[in-house]
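Both complexes shown next keep chain A, but they swap its partner, so chain B is in the first and chain C is in the second.
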Partner chain A sequence: MNLLETINLKKYFGETHAVDNVSLTIAEREFVSLVGPNGAGKTTLVNVVSALFRSDSGKILFKGDDITHTSVTERVKAGIARSFQIVNLFDDLTAFDNVTLAIFSRQGKTGNPATLAHLDHEVSAEADAVLAQFNLTSKRKEHARDLAQGERKLLDVALAYALKPKLLFLDEPTSGVSTRDKGQIMDTIASVVRGEGITAVIIEHDMDVVFKYSDRIVVMQQGAILAQGTPDAIRNNDQVAMILLGTSGPDAFTRKD
Partner chain B sequence: MDILIIQILNSIFYACILFLIAAGLSLIYGVMRIINLAHGSLYALGAYVTAWAIGTFAAGAPLWVSFLLLPAGAVVVAAVGAAIEPTLLRPLYNRPEEYQLLITFALLLILEDAMHFLFGGTPLTAGAVIDSMGTMPIMNLRYPVYNLLVIAIGIAAAVFLWAFIYRTKFGVILRATSQNMRMASALGLNVKRVYVQAFALGCFMAGLGGAVVVPAQAAVLGMGIEALILAFVVVVIGGLGSLEGALIGALIVSFVRTAGIQFFPEIELAVLYLIAAVVLLVRPTGLSGRA
Partner chain C sequence: MQNDASRTGPSMLLILACVIPILVVLVALPKFVDTYQIQLLTYGLIYAIAGLGFNLLLGYTGLLSFGHSAYFGLGAYSAAFMAKYFGVGSMEIYILGGLLITGLVSAAFGYICVRHTRIFFGILTLALSQVLWTLAYKFFWVTGGTDGLRVPFANLTLLGGLIDFKGRDTYQAFTQSYYYYVLFLFCICTVFMWVIVHSPFGKALQAIRDNETRAQFLGVRIRHYRWFAFLLSGSFTGLAGILWVPLNGLVTPDILYWPFSGEIVFMTVLGGFRTFTGPIVGAVVFNYLKVYAVASTAYWQLLLGVVLVVLVLALPTGIVGTLSRLFGKFRKR
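Entry: the complex of A and B
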């Protein structure tokens, strides 16, 4: 069953067609990578689907419901969460408080706002469990600003995950970290996402990461979908290799320069 | 010696009032990045409403009726704040700061005239409360019991506010929103609601300051402007947006002011401005403010 469906989605910024007539479906429990050169419209597409931008035209269906005109809050409630390309954390709060915040947000009005935060055992236990899933238990009491870049990336994803989404968008979860940390971060994310049956869409530039973890790869260029398919199909697509690498031919993606 | 103790008590009394006003101002700035020029007038409104309520409903009634009516000013001012934020301030968040300064300044002018119109030009007092509570001996002198009560209320408010901001769910949400509004809204937190609540809470603090001061000092026209200026000195010294800063600033300002009135009355305000200027030069973010 399709979890997300966009129909002829458009978002223009003046002359720039950032998202141009995109019709994309994401199936439940799929792990999809969104790739393409800078300015291809990947982040804009995610922004429109997560309601940070309004689309100019087209429709967004989530679990079959038309959510085109709903707010961020409503979409989070429906089960769409995201992380950002530039890590967006509450720097003066501890890692633990950052996660509890996402849990409070999910609880919405059901939680009593005057409750002493650290006395809410259910929330504390859940926050600790989330931190453990992302290997951040030892950083529980540290302020977000004091964490290493890789840990900040993971905490960012943990926040989105703590919203218990059905659909999780991750915008460059491994940008700005070392190659060694990349593998660790992606392994952690993949194990949580697969383990919990979450549908994930990641924007990623590192094709090694993309090929290793994706079920399906969607290639965007100039706001439109250029190609999509399994990692193997994309690996052997000359047109895609041309756009992403500026070179084509067999093994274009495995050649290193 | 006796005089000294009385002066210290007076300073603490005054610091409590200033803290209530400045903490509200600081809270609103910390969350919404709005400098509320009408904040002093909201303090005055709290004083007027409480004085009016006690004068109207508690005349001849037992003392506990007055105490019941004392928070009226704070509650009314909080309600006014809850009405102002969504209607007048919300449309301006995406505009440059000058617009916010202009609208809160307009609000100041409107509130001052509205109070003149509603309560008249003569001072309004609730002095019966302080009189009926009597005095207690401090060494060889006597000190109003009510003033000690205000000190207790001030300390309780500081502790309550601290616990509210640093220990409750609402506080975590409030601090998160003040740090990163975009992220808070992306997480699905209701930022609009947080703003209304924070603004109303800040106004409540100002109104409470006015409500507790009015049995000791009559509500008069112009008291709001004077309070606003002092509250600005407090937050400049302590650091805008910081609760601890409001506390430190309030203590410094009121001790200096009490000493000033005693020893150098001609330049009492000038000394305060001087301290503020030095703090701005040495630590532009205030004593406990962050860059």
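Entry: the complex of A and C
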């Protein structure tokens, strides 16, 4: 069954057609990568689907319901969560408090001013479990701003994950981290996402990462979908290789020249 | 896992170790100092309640209000109206009635103000407080205008009539009883505010302060929460205004005017707005500072101005912020 469906979605910024007539379906439990050159509209598409931006026209269906005109919080409640390209955390709160906040919010407890947050042992235990899943246990008492870039990226994903979403958007979860950390971060994310059966849409530039983890790859260019298919199909698509690498040929994605 | 979890919360033992000696001193103080000093400290504690309320917005929600004189003044005028027009003398009725009125007005003003943030929020709060000031100033046949309204302590009763101050030479008795009354309410307010800022709601406010967009993407209804924080903040400050009236004996439009909003900001910044106890320390210290500055020079505003400049340049984290940083360094060694 389709979890998400966009129908002729459009988002223009003046003359720029950031998202141009995009019709995309994401099936339940799929791990989809969104790739394309800078300015292809990947992040804008995610911004429109997560309600950071309003679409100009078109429809967004989530679990069959039309959510085109719903707010950010309504979409979060429905089960759409996201991480951000530029890490977006609560810098003056500890890693632990960052995660507990997401859990409190999911449980509808953030409106409660009359109980002490740290005495909710159930939430604390869950937050610790989430931190452990993302290898952040040793950082639980550190302020988010004091974490290393790779840890901040993981915490950003952990926040979205702690909402127990049906659909998780990850906007360049490995950007700005070393090649060594990249593999580790992606392994962690993939194991958590696949382990919980979460549908994930990931924006990524590193094609090694994309080929390794995706069930399906969607290639965007100038706001539109250029091609989509399995990693093998995309690997052998000359048009895609030309756009992403500026070269083509049977081994374009593996050649190290 | 439970031990682990509790370690992220504030250490109760450490808190009690600090709070109990301070409480003992505060309770014993009237035995050792004169009436004037007790009166000054009572003012300090009242301002501390206002500071606690104000800081829920500034320190915890990231909203700088320049109009908190409105809620302090509303509390004060509500009590004064009850005294003058309804002959009410019961402090508890002042508190209930005053809180109802400040609560309603903060709810309405908050609804307007939290639609904006940063300077726009500050200007809106300032403008609304000036509206109340103008009303108090111009409707002199109701409010007494610049002459204000008197609330003599002799008509006051505490604890539902158990304590009154009829007869001669009761001023000292009033000062002492009222000090304990205010001290008790101050403790209640402090505990109440402490619970609020350490509750899931308090954490959500801090999240909104740190990163509004992300808070929204965790499903936090930002405007709704800001409004509730505004309501709580206004009500705390309103309570301070109610308590201030019998002690001061008189309420004039000055208490609604913008410089008093500035004083509330000053107190909080002086103590340190990123700490829980900052506004309390700041309010008590500011009160002494102002009283002694006024007593020692005609240019007391200049003196306070210099203090403010030095504060911002040298101690941007305020008294408590600086002390806790020094304490932290000392512990690391």
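Just so it is clear, the second predicted complex is superposed on the first by the 252 of 257 C-alpha atoms of A that agree within 3 Å, B and C clash if a C-alpha of one lies under 4 Å from a C-alpha of the other, contacts with A are read in each partner's own complex, and residues count from 1 in each chain.
We adopt the following convention: contacts are C-beta pairs under 8 Å (C-beta built on N, C-alpha and C of every residue); 3 or more make two chains touch, one makes a residue touch a chain.
Everything quoted here is computed from the prediction, not taken from an experiment.
After superposition on chain A, the partners chain B and chain C are seen to clash. Of the two partner chains placed by the overlay, chain B and chain C both lie in contact with A:Phe90. Once the two complexes are laid over each other on the shared chain, residue contacts for A:Val76 go to chain B and to chain C alike. In the superposition on chain A, A:Arg140 contacts chain C only, with no contact to chain B.
Contact with both chain B and chain C is seen for A:Ser50 once the two complexes are overlaid on the shared chain.
Applying the stated contact rule after C-alpha superposition, one finds that A:Asp128 touches chain C and leaves chain B untouched. In the superposed model, C is the one of chain B and chain C that contacts more residues of chain A.
Counting contacts by the rule stated earlier, residues 50, 52, 72-73, 76-77, 81-82, 84, 88-93, 97, 100-102, 104-106, 111-118, 120, 159, 163 of chain A appear in both its interface with chain B and its interface with chain C. Partner chain B is touched in their complex by these residues of chain A: 50, 52, 72-73, 75-77, 81-82, 84, 88-93, 97-98, 100-102, 104-106, 108, 111-118, 120, 159, 163. Every residue of chain B that touches chain A in the complex is listed here, in rising order: 164, 167-173, 175-176, 179-180, 182-190. Per the touch definition, chain A reaches chain C in the complex via residues 50, 52, 72-73, 76-77, 81-82, 84, 88-94, 96-97, 100-102, 104-106, 109-121, 124-125, 128, 140-141, 159-160, 163. Touching chain A in their complex are the following residues of chain C: 1-2, 4-10, 195-196, 198-204, 206-207, 209-211, 213-221, 225, 228, 232.
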